[in-house]
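Shared chain: subunit A. Partners: subunit B in the first complex, subunit C in the second.
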Partner chain A sequence: MLAYILRRIAQLVPVVLVLTVVVFCFVEALPGSIVDTLVGTEGGDIEEARAILRKEYGLDRPIHERYALWLVRVAEFDFGKSLVTRRPISTELLSRIPATIYLAAVGISLSMLIAVPLGTFAAVRRNTGVDYGAQVTSLAGISIPEFWFAILCVLLFSLYLGWLPSSGYVSPFDDFWGSLKFLILPAAAIGFRQAAFTTRLTRSSMLDELSKEYVDTARAMGLPERRVIFRYTLRNAMIPTITISGLQLANLLGGTVVLESIFAWPGIGRAIFEAILQRDYPLIQAGVLVLGIIVVLMNLLVDLTYRLLNPRVKLA
Partner chain B sequence: MTGENKKGTEQSRRRFLASTTALAGAAMVGLPPQDAAAGKKHPKRGGTLRFGTRDDSVGLDTHRNIIYFVSHPLTGITGGLVDFDDKMEPKPGVAESWDTSADLKTWTFKLRRGAEYHNGQTIDAESVKWNIERIKDPKTSHAFTRSVVSGVERVTVDDKHTVRFHLKEPDVALDINLVYYPVNLMAPGAADKADTEPVNCGPFKFKSWRRHDRCEMVRFENFYETDAEGNSLPYLDGLIGLPKKEDRVRLTALRANELDLIDNVAYADAAAFKKDHGRTFETWPVPQVGTAMMFFNLKNGLLSEKDNPDAHLLRQAIAHAIDREGIHQAVFNGIGSIANGFYGESSPWHPKGIAPSSTFDLDKAKALRKKAKGGDQRLTIIANDTFPYMQQSGELVHAMLKDAGFNVVLEILPSPVMLEKQGKGDYNIDSTANSYRLDPDGWFARNVLSSAPENRRRTGYVNEKADQIIIAARQERDRAKRRQMYADVETLVNRDLPMLYTHYVPLMMAGHRTRVKGYAPSFTGPWSYTGAGMRRTWMES
Partner chain C sequence: MAELDAGKLVDIADEGRVPPAPPFFKRLMAALSNALYELRKSRTATIGAVMLVLLFGACIATPWIATHDPTKQNYRARLAPPSEQHLLGTDRMGRDIYSRLLHGGRRLVTIAILAVGLSMLVGVPFGVLVGYWGGMADTLGMRLVDGLLAFPGLLLYLLFVTVAQAWKLEGITMDIVLIAALGLAGMPEKARLARGSVLAEKQKEYVEASRAIGDSSVRIALGQVLPNIVSPLIVTATVRLGTVILIVAALSFLGLGTPPPTPDWGADLSAARDYMETHPLMAAFPGLAICYTVLAFNLFGDGLRDILDPRLAER
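Entry: the complex of A and B
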């Protein structure tokens, strides 16, 4: 197991290297320049200011030189400073990534808490009211846009009932219980939609597993139904669910820009989005790189989970 | 007895009853009679105000980044030699007085004694000189801020409290431009921490900042401004800036009592919000934070005389095709007013007697387009995606020009791409806006004067007569004469059409009626200024 983990981590290196090249080229290909953004449109010495900034930020050097210099710094865990705020990028990322991971992890956990029992129950009670109810709810969850559901939640729970704040963020490290108040609505908005997908997936996986011979054998051996379902069938049915949830979590790390806007949540998605708009190259590069590494690690975690769920799965 | 007198007597009787009732009430609760009779609450110290804004500052170093007084919460930490009041007139800031030489080339500022930076360092003439020199250095300042001191040849120190600016050219507007651009002062000893822990001299001290999330400031105990009773300002203990980019998110947070004050209520929400929630929330209409317009590219392309002899005819056709009343209704929801010059009627700089630009006349637009060379060729409109009204105006103008038979495309772009296209002249029409300039020289000398880098970069408009007037106006002390000079320039602009003013950009602020007391924005919206605004705001629990 340890050798496998080390080997997978070693595989990160070429993946990350390819990622850095792609990110660098992508940013370079973007029209518009950070220098124009910073210099602005007024002032008597625009050209002089542009030249000074280009030199200061090393933008007057060829791209391969800049790439090499950046790579050396990154290898030393130095992402440099944001060209816009001039603050260390590590500070910026450290203040943003935990907020995103917090939201995504709770959102996905919430979706699993809803989806796994609901999907399982729907499969076991196939073609009953429970099954139809679960299918209609999950269809609604898939059909309703996330942002619209979020706005409805804000209207109901913040404006009409006054139970929860409509937007904002408190770090769980500063005030854990206080942070939950701000987390509930965005996490619910994420969780509801993700739960819809996961419910359908869990239901179909369970139906698939329930039709297999080992389930009939277990039942024929007189094992209690609860044990057959939860000990044997569900564990096997969870493999695709875990795979998809892992990918969903990875997607959420950078893909909650709209929800972050609605809830004024200071996540990494919005930070990278703003950085792209302003052409803050080092921040884009660092942000995408860190997210890429997290996604690869998430995939590793998913693979390891297979082994926990089903010891027959070989990690090779 | 005339009806008017009778009405006056009735009003007196009502006033008498009201005041006696108030006095009786006051006697019962032990309030000072004057306050109770006036029905006014007395300002009190304390409380922290949560301010939701659409925008946030780029960085903390006030020389490198524009910490802008209209919309950045961090403005609370900034201060400079000159301040401004609710009418945007220059008022003493760190400098308690100033004068200028007869030739307008030397400005002498007398510094306020006892004024301090947030770290307790005295604001003396040497530190002011250090600040100006840092701003003059392109390596440590932003071009926008630097533009106002680029005309300063040198700064000399007469004594600890007197600093002198020696200019290359006469400039009647240096004092107020020091506020607008803005030349804020920072403690010289704290320059190395300017990006992380800035030390300035505004009414609030910096505490923390997470961009686009939250900034916290606390009252600066030694701020120089006092109220009429000699109490030091500001009244608030603290200020929390909570930028929330989406207008409706901000408004919802206000309604949910998570904010006390917000800027930029969306135009579409303004009327309904006032009607439905006016009892709980106070609203302040701000008539003009800026002016919206269509810039035409005169440097090259179809609308430039350099490439098309009928370019002016085409610009006229475009002007006739644009229904500004439509923009007024559809983009601004009937709020504010249609522009005919840069300064609207609410501004003290509103010039009278400007010859209007073309009015909406679709048939005329079609006829002119057909007559003009290149009338069938493709035009490109660009619009910035940052501000909704620029984008929406661009969309409307695109539709209006299509109605007039123009072959036109619209590109909605982020700022860096806009800047690149403007610089290269890769556009024909730019749906844009410009913020209110406290002094007209700030607008005309940058956007109309042919030698101005911004004009050269963007429209390339050249009119020698306009140039002469703008340069002469910079040396004219008589305000009425200056105003008339700018009216003459506007007439030339409306005739030549390097741009078409479309609308004054209004703004509505809103705050909690019972909690937020004493607050009022100035007529163009800023929230931190001398004599009122945030500095005289206090919180009722």
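Entry: the complex of A and C
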């Protein structure tokens, strides 16, 4: 197992390198240079300022050297300063990450709370009203755009009923109950959509398990059906469900841009979105890279958990 | 004696041995009726297909069935409710919502088809060749794919769109950048799927036979293995069309798509948010249109999977 883990970590190196190359090329592909943006606001001796800035940002060197230098700085978690706030980008990003993790984790938990019972029930009561209902709901969940669903929720619960605030954020560490009020709508919007995928998966892996021979054996031994399902099949059927939920969580960390903007949620997705509107390119670059690396690491973690849960999978 | 030309003699000689190939039109009809027969086996696929036919029909017929110029403003009829003149009412600038939906849908579906087509065109041959060659090519290729897959959610598109906006691209050039980004982002998924199928397929005897005849590896991989693994690829492509439509709509909802006044479901939905309390219908129509389109592709893809892979259909 240890050798496997080490090999998987070694395999991450090229993946992260591709990531850094794409993110580095992104800034290179922008028109003009960072120097123009900086000089434009300062005034004074422009040519001298340009020269100093070019040197400071290493723009007088060839591209591969600049990439290498940038890589070294990134490895030290030094992304430079935001063009807008002039604060170090690493601090800026770090302050945004908890809100995103909070939202994504609650959203995924909610989705599993909906999907696992629904998917299991649909599989056990196959081809009944429950099953069709679950299938139609999950198809709808996959097809409804999350931003539209979110808007409809705001319309109903904030504008018509007035039960929940339409947007905003309170840290759960400052005021736990107060923060829940703001969390419910965005988390529900995430949960509903992700639950659609997970329900389908849980249903089909439950059907897979139910058709296996050990189920017949258990039934023949006279075990009550409830015990067969909860004790044996559900446990096995949960393996793919947990795996997919882990991958969804990883993807959500970078994929909540839309919902974070709708609900004014101060997460990392919204930070990147704001940076795009304000043309704060270093922040975009750093944000995308950090999220990408988080996703790669999460995927590895999910993969290793999967192996742990399912020892039958060969460590190939 | 009438002149006998050589071609005719051959025709006469061949008669009775090889049945003449039916004309193209007849073959096409046969293939279509066969496809329809297969399609009817799955209710999901049938519903999806009907929805798609309506969708494509509306996209093609847009110039004839749209009642107004989608960008023409009419300040005397701002925020009008649905009426005979404006079937679905008008937006905040008095533009006809029905016509905007039609034109926006036409654009969106075209972008999605081109993007998915591009990702297939690049991703599938890449995956097939890499999988067929194996070894170092396979390892390198798959690492590249993993690297591209590491971009979560919308981030890769956000990078592309940012660069495009910085270069002040507009209109059709912006659409091309979007198509390129979506195509590139869809590529790894196709490549990985194609590679997986090739690994199983290349063990088969016909591959060995072709190799024995001396066919080149590119020819075997693309000419013989590829046609045998298309079914899962078609299913993925169909479902991916729905996903791409959601992504494009989300980007333009964020204001990162083509700038106004181009009719666009996502942007129109976003603009309708300001009038949500007083005119909820305005936000309903583009949202419903997106739902309908994505649902149509998903239903068709699901049904297609059942038809092409009977093992799964039994579930």
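Assume the second predicted complex is superposed on the first by the 250 of 316 C-alpha atoms of A that agree within 3 Å, B and C clash if a C-alpha of one lies under 4 Å from a C-alpha of the other, contacts with A are read in each partner's own complex, and residues count from 1 in each chain.
Just so we're on the same page, a residue touches a chain if its C-beta (ideal position, glycine included) is under 8 Å from a C-beta of that chain, and two chains touch if they have at least 3 such contacts.
Remember, it's a predicted structure, so these values are computed and weren't measured experimentally.
Undergrad: Between subunit B (first) and subunit C (second), which does A:144 come into contact with in this model arrangement: first, second, both, or neither?
TA: In the superposition, A:144 touches subunit C alone.
Undergrad: Determine, under the contact definition given at the top, whether A:204 touches first (subunit B), second (subunit C), both, or neither.
TA: Only subunit C is touched by A:204; subunit B is not.
Undergrad: A:300 contacts which: subunit B (first), subunit C (second), both, neither?
TA: neither
Undergrad: After lining up the shared chain so the two structures overlap, which partner does A:274 touch, if you call subunit B first and subunit C second: first, second, both or neither?
TA: In the superposition, A:274 touches subunit B alone.
Undergrad: Just subunit B (first), just subunit C (second), both, or neither: which does A:239 touch?
TA: A:239 sits against neither subunit B nor subunit C.
Undergrad: Contact-wise, after the overlay, does A:59 reach subunit B, subunit C, both or neither (first, second, both, neither)?
TA: neither
Undergrad: According to the stated criteria, A:291 is in contact with first (subunit B), second (subunit C), both, or neither; which is it?
TA: second
Undergrad: Applying the document's definition of touch, where does A:261 land relative to subunit B and subunit C: first, second, both, or neither?
TA: So A:261 meets both subunit B and subunit C here.
Undergrad: With the two structures laid over each other on chain A, which partner does A:11 touch: subunit B (first), subunit C (second), both, or neither?
TA: second
Undergrad: Which residues would you name on subunit A as touching subunit B in one complex and subunit C in the other?
TA: 30-31, 154, 159, 261, 277, 279
Undergrad: Under the definition above, what is the set of subunit A residues touching subunit B in their complex?
TA: Listed in rising order, the residues of subunit A that touch subunit B are 30-34, 36-46, 48-49, 52, 56, 84-87, 92, 95, 154, 158-159, 162, 165-169, 261-264, 266, 270-271, 274, 277-279.
Undergrad: Could you pull out which subunit B residues touch subunit A in their complex?
TA: 58-61, 64, 66, 138-139, 142-147, 150, 195-196, 210-214, 242-246, 249, 252-253, 255-258, 414-420, 422-423, 446, 453-454, 457-458
Undergrad: Taking the complex as given, what residues does subunit C use to touch subunit A?
TA: By the definition above, subunit C touches subunit A via 143-144, 146-148, 150-156, 158-159, 161-163, 165-167, 242, 246, 249-250, 253-256, 266, 269, 273, 276-277, 280, 283, 287, 290-291, 294-295, 298-299, 302, 315.
Undergrad: Quick check: in the complex, which residue numbers of subunit A touch subunit C?
TA: Those residues of subunit A that touch subunit C are 11, 14-19, 22-23, 26, 29-31, 139-140, 142-148, 151-152, 154-155, 159, 204, 207-208, 250-258, 261, 272-273, 276-277, 279, 281, 284, 288, 291-293, 295-296, 299.
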